[in-house]
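Multiple structures are listed underneath, in C-alpha cells.
Two complexes come next, and they have one chain in common, chain A, joined by chain B in the first and chain C in the second.
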Partner chain A sequence: MARIALILTLLASPAAADVAQAVDVITPAYAALADSAADLARAAAADCAPEGLRPAFQAAWDDWARIDFLRLGPVETDGRALAMAFWPDPKGSGLRAQQAALAEGAAVASDPDRFARASVAMRGFAGLERLLYPSPLQGAEAELCLLTRATAADLARMGADIAAEWPAHAELLTHPGEGNAAYLTPTEARQALYTQLVTGLSALEKNRLGRPLGTFDKPRPDRAEAVAAGRSLRNVVQSLTGMRDLALALHSPAPQTQAAFDRALDLAERLDDPVLAGVADPQRRLKVEILQQAVNSAKVAVETEIGPALGVSAGFNAQDGD
Partner chain B sequence: MRLTPSLVALTLTVSPLAAVAGLVTPDAVVAHYADIAAAAYDDSVTTAQALQQAVAALVAQPSEATLGAARSAWTAARVPYQQTEAFRFGNPIVDDWEGRVNAWPLDEGLIDYVAEGTPSAEDNELAQLNVIANPDLKIGADTLDAATITPDTIRALHEAGGIEANVASGYHAIEFLLWGQDLNGTGPGAGNRPHTDYARGADCTGGNCDRRAQYLTAATDLLVADLQEMAANWAPGGAAREAVTENPQAGLNAMLTGMGSLSYGEQAGERMKLGLMLNDPEEEHDCFSDQTHLSHYYDGLGIRNVYLGSYARPDGSTVEGPSLSALVAARDPAVDQALRADLDATMAALGKLRDTAEGGMAYDQMLAPGNDAGNAAITAGIDALVAQTRNIERAVAVLGLDKIAFEGSDSLDNPDAVFQ
Partner chain C sequence: MTDRRTLLKGLAAAMLLPGRGWAAAGAPVWVAAARDPDGRHALHGIAADGGLTFAVPLPGRGHAAALHPERAEAVAFARRPGTFGVVLDCRTGAAIRSLTPPEGRQFNGHGAFSPDGALLYTSEVAAEGSAGRVGIWDTRHYARVGEWDTGGIGPHDLRVRPDGTLVVANGGIATDPQDRTPLNLGTMRPNLATLDGGGTILTRQELPGALCANSIRHLALLEDGVAFAMQWQGDAAEPVPLLGIARGEDMVTCGVPEQDAFAMQGYAGSIAAAGDAIVVTSPRGGVAMIHGRDGAHRVTLRRADVCGAAAGVDAPFTLTDGAGAIWAADTGGLRLMARHELAWDNHLIAVG
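Entry: the complex of A and B
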C-alpha cells in the first residue's frame, strides 16, 4: 500500500519530498507487479481455462496500469514497456502475430526465449486479453492454452526482471554526479521523473481518453483500451493514482496538484462507464469530456506548480514526434 | 504531442555570449541555421524537379529503363529532403506542412490496387478506395468526381475521413507508385511494380494505366509545389526564417527542439524501435523501395548538420558558418565535446546500418525475429540516438534558454492549457 505509506510520510514531514521519495513510490509498485504477474503465471500453469484466470489477470493489470506511465530504467530494456501492454495497436499487429503463431501450432509458445523475442504486440496483457476474453482470435483449444501459458509466463518474467533491475536505476537517480552518465546533477534526475509525469498525463488525455472520444461527429468507442476485459476506465483510474503518488512524492506540499488529481480521480471513480462506451451518446459523452479536461488540468497543475518548484520543465520524451 | 525542452539553470548569469565566445553570436547562429534550411529545401526542390522530369519520361515511354531512372531520381530526391527533417519539430511552419510531403505510414489501397489481406488502419473505410480504379468516389456522405486525377483530387483525398493513414500525397505515395507493394515480408526483395503498369493499350498491367500515370504526374507536381512553398518560407523575408531570427533565443530553442524530438521520440522511437519490437515490415519507413536505411542515415545527418552548422549539398559544395556547437563550447566545452562525440557515434551506427543494407541485408530483413545481426544493427542506431538526446538536453541547459519564452509559446500552441 504505497499510497498509505506515502500519506503517512507526508503527514510526518511535509517537506520530505524529492527524488528519493519518488523512488520509494516506484519500488513497491514494481514489487507488487512482479508478485501479481507471478500469481497469474502460476494460475495459468495450473489451469489455462479463460474464466478462472480472469481475476488474476485483472489484478496484475491493475498493478501495471498504476506504474505504466513510467518510461525510464528497466522498462525501456528490450521493449518491455511496449510488450507489457501493447496499445494502441491501430493495425491489429497483435492479432495478426498471434494468429500467425497459432497457424504454426503455437511453436513459439514452447520456447520461452523465443517467445520473449516475439512481437511485442502479441505478448503481455494485450495479448492475454485476446486469449481470455472474446476476440477474433481463432485456434484449437490446446494451442490457445499453450499460448495463454506462455504469455502469462512471459509477463511474470518481465515483471520479475523489471523489479530486480529497478534498484540499479534507482541508485542512478538518487546518486547523480561524476561517473553517472545518466544523471549528472540532482536537477537532471528531478527533470527525468518530472518529464514522466507530464508525458504520462498527456498520454492519458490523448490516448486513453482521446482515442475513444474521437470527435463529436465521429466518436470512436471501439478505440478505447482494453474493451474486451472491461477495464478502459479502470486503467485511467489506476494510472491517475500512480501519477498522483509520484507527483506528491517528488514535490510536496503541492496543493494545486493534489486538488487537480483528486478532482480527476473523483470524476473517474464516479463515471459509471467501464469501457467508455458513453462517448457515442451526447449526454454521457460530456462526462468523459469533463474527465479529459480534469486530466488536462492536472497536467497544467504539475507544470505550473511542481515544474518551477523543481527548477525544471519537461525534457524530450518518447512521445515527441508524430 | 510534443514538449518543449527547457531545463533551465536559473542561477546561470546570462552574459552576452559574443563576449564569451569572441566569435559566435546567437544572431549569427540562427541566421546561418536559416541559411542551411534554405539551401536544403532548395536542393529538395531541384531534386524533386529532376524526379518530375523522370516521371514525365516514364509516363511518355514506359520501360524498364525509364522506370529505373524515375526510381533513381526518387532516391536522389530523398537525400536533401531527409536532411531537412531536423527542421521539422522546432518550427511549427514546417511541422504543420510536413504531412503533405512525408506522411507515413499509409494505407496504400486508397491509391491503387493492393494484395488481398493487406493490413490497414482500424476502421478506415477508405483503405480499399483505389482512386486509380474508380473515377466516382464516395467519401462518407460526399461524392468526389475523380474523372481526371489532378493535384486537387489528391489534395481532397489526403487524410480523407480524418484518418491519417489516408496518405494521398508526398514522397511515400510516389514511392508506392514507382515500386509497388513489397510482398516479401522480412525476406529479400523490395516492391516490384512492373513498368507495364504505365503501359498504354493492351500492354497495360494492373488496369487503368492512364489514370495511374495521371496520379503519379499529379502527385509529383504537387510535391514540387509543396517543396517550393517551404523553400520560400526559408528564403530572405520568409516566415520560417523570420520566426527563428527575430528572437534568437527562440531560434536556438527551435534548433535544439528539432534535434531532440527527431532523435528520440520520432526516429529512435516511432520509426526504429517500434518496427523492431513488432518485427513487422509494415512499420518500415520506406517500405516499398526498401530504402529505409538511407532515410535513417540522412535524418541523422540532418541533426548533426544543425549542430555543426554545416551542410553538404548534392552539387558537392558545402554551406558552412557560425555553429550551435561553438556557442555551446563557449559556455561548456565538455558538453559540446560530448554532444559532438554522440552525433559522430550516431552517424557511425547509422553508417553501419546503411552499409549492412547496401551489402544485401535490407532493412525489412533486419527486422525479422531471430535475425540477431540485423536486430543489433538497428538497436545500435536506436541506442546512439537516445544517448545523444541526453546531451542535447544538456546543451539546452548550458545555453540557459529563456524558460518564459518557451512557456509562452507552449500556451500559444495549446490555448486550452490554462490552469483554472
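Entry: the complex of A and C
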C-alpha cells in the first residue's frame, strides 16, 4: 500500500521538467519565428523601402535570436541555421556574394529555388541587414528592392519549413529507442538538449561578447554582431532569455541556474550599450566584461546543477581535444 | 559459463590457428578503449555483430591502440602527453609489459607495428620543445632499441605501410610538457612526413601558408597515398577543410559544401578509409562525413559524440560514440549494430 501511495504521489506531483517540457518551449518559439518572418516577407512584398521594413525585421530577428542557440533537427537541414543569420563573417563573404548578385542584376532574386541555394552568407537576417541599414552594398534601387524581397521571402520560407519540420524532431526527442538513430535512450535526448545549452552559452560568451571584446589592448568593437541594425546587445538578451526558458523547462527547480541567468539578464538589460561600442572604452568595457563573466557563470551553473541532475555531461569525445 | 558449443568452437579455433593469434581472443574484428559507468577504463574486442569479445583493464583513459599483426597483443596508449603504454595479452587480459618512454620523451597517443610484427613504433615528443620522435621497440621483449626524428613538431598519428614505410602526422603543435597547453599556435607548421624502415626522412609535405594553423593529426592509409584529418587552431569563424589527401608529391585539401562547412567545428577526431570512400568524424560537431577517394564530399551523417571510425564488415564503415553505440555507416545513413553501457574512446582499430 505504501508503495502504491508513493507512486500515486509521484504521478500526481506537477510534472517538474524534462524533455517534453523543453519541447514545449521550442515549439512555440519556432511558431513565433515562422509568423514574424512571414509578416516581414509580406511587408517587403508590399513595400521594399528600408525604413518601413525595419520594425518587422527587428521583430523577426528577436524571434530568431531567442532560439538561434538550438542546433538540433530542422535548423541543421540545408544549412538553415547558418543561412538564417550568418555571423561571424570575418572575411565579409556575405557582402561579397550580395555584391556579386547585384552585379548580375540580382537575377538570383527572381527565382526562389535558386535563391534558396545561394550562399548562406548572403541570405537571412545578416543579408537583409545590409539591405535595410547603411552598409557598403552598392546597387540600383530596383535591384536592391528585388534582393530585399527575395531575402525576406527566403527567410519566411525557412521559418515556415523549420516550424513545419520541428514536430517530427520533437517526436524523436520524446520517443527515444533503438529504432531512433538520433536518440537511443531518454538520457541521450536530455544530453542533446543540455549540450545545446552549454554550447549556446559558450558561443554567447566567446562570440557575441568575446569577439567585440577582443583583448584589452586590442578591443574590436567592429566585430560585434548586427551593429548596423543596432541590436548586438539585443541578440544577447534574447538568446539568454531563450536559453533560460529551455534550461528551466529541462530541469526545475534549478535555483542556481535561475539566479545565474537572472543576473546575466539583469546586467544585459541595464547595459546601456546597444552595439557594445563600449568595449573600446576602459570604463564601459568593464561592464561588458562583467556581463561576459555572468554568462560564463550561467554556463557553470547549468553544468554543475542541471548536468548532474539529469545524469549527463559534455560528450566524452567532444571534450577530449586529441 | 562455457557451454559445450563455445568449448567446441574454442577447440576448433585452437586446432586451426596458432594459439597466440587473434582467434584466441574471440576473433574480434575491431578493438577500442572505453570507459564504463564506474569510471574504469578498458580495452575491448568487438565482434562483427558489435558484441564484445574481451575486455582488458587499462590504468587510465586510453586513446589509441596498436595491434600486433599476428599475435593477440595490443599496445594501448594513454592520451598525450602520455605516461603509459601497456602491452596487453588480449587472450588472457594480462598486461605483459608496461612501456615507459626514455627520460625526456613522452608518448603522444599513437603507435604501430612493423608489417612483420618484429618492431613497434611509437609516436613521441621530446618533452622540452615537442620535437617529434619515433620510438622503436623490439616486440620480443618490448625493449627500447632506438629512436628516429619525425621531421616535425608534435607528431600524433603514425602508420606503417605494407612496404615498411612510416607515415607520421607531425601536428605542429608544441605543448607544455606538464599539460596540453599549446605554446606555438601563432607559428605552428604541421607536416606529413614519410620515413623509410631505416628512419631516413623520405618526404615532408606542408600545407599552404593559409592553412598552417591546421594541425595534421590522424591518418588513414590508401593504396596510393594517405588521407589525413586535421584540427583547425585558427579563427573558428573561418571554414577550412579538415580532410586532406597526399598522393606522391600532390597534397590536396578537400572542402565540403558551404552548408556543412562549420558542421565539424574545426575539429576532426578520427579518419578511416574503406573501399572507395573515406570517413572523417567530429565528436564536437556530432557528425561523420563520408567522402570519395577523390576527396569529394558525399554525405554528412549526424550522431552526438561520434568519433571512432574503421572499415566495416557489411557496411563500408563502423563508427563508435561516447554513448556506447556501434554503428554501421554508409552514404544512406547509420544503422545501429549494438549498444553497450560504455563510452567509446576516440579510436576504433580494425584487427589485421
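We take it that the second predicted complex is superposed on the first by the 300 of 322 C-alpha atoms of A that agree within 3 Å, B and C clash if a C-alpha of one lies under 4 Å from a C-alpha of the other, contacts with A are read in each partner's own complex, and residues count from 1 in each chain.
Quick note on the criterion: contacts are C-beta pairs under 8 Å (C-beta built on N, C-alpha and C of every residue); 3 or more make two chains touch, one makes a residue touch a chain.
Because the structure is predicted, anything quoted here is derived from the model rather than measured.
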Chain C versus chain B on the shared chain A, clash or fit after superposition: clash
Touched partner set for A:175, first chain B, second chain C, both or neither: neither
First, second, both or neither for A:82, with chain B first and chain C second: both
Partner chain in contact with A:96 - chain B first, chain C second, else both or neither: first
First (chain B), second (chain C), both or neither touched by A:284: neither
Partner chain in contact with A:191 - chain B first, chain C second, else both or neither: both
Chain B versus chain C, judged by how many residues of chain A each one touches: B
First, second, both or neither for A:296, with chain B first and chain C second: first
Partner chain in contact with A:54 - chain B first, chain C second, else both or neither: neither
Partner chain(s) touched by A:316 [first = chain B, second = chain C, both, neither]: both
Region of chain B that runs into chain C when the structures are aligned on their shared chain, from 55-63, 91-99, 127-135 or 181-189: 91-99
Shared contact residues on chain A - chain B and chain C: 79, 82-83, 90-91, 119-121, 181-182, 184, 187-188, 191, 195, 315-318, 320-322
Complex contacts: residues of chain B adjacent to chain A: 1-10, 89, 119-123, 162, 165, 260-267, 269-270, 273-274, 276-280, 282, 369-370, 389-390, 392-394, 397, 403, 406-407, 416-420
Complex interface listing, chain C residues touching chain A: 35, 63, 79-80, 109, 156, 180, 235, 237-238, 257-260, 262, 267, 269, 283-284, 286, 302-307, 321-323, 325, 327, 333-336, 339, 343-346
Complex contact set, residues of chain A against chain B: 79, 82-83, 90-93, 96-97, 114, 117-121, 181-182, 184, 187-188, 191, 195, 198-199, 202-203, 206, 215, 218, 220, 222-223, 256, 296-297, 299-301, 303-304, 311-322
Touch list for chain A against partner chain C, complex: 76, 78-79, 82-83, 88-91, 119-121, 178, 181-182, 184-185, 187-188, 191-192, 195, 207, 315-318, 320-322
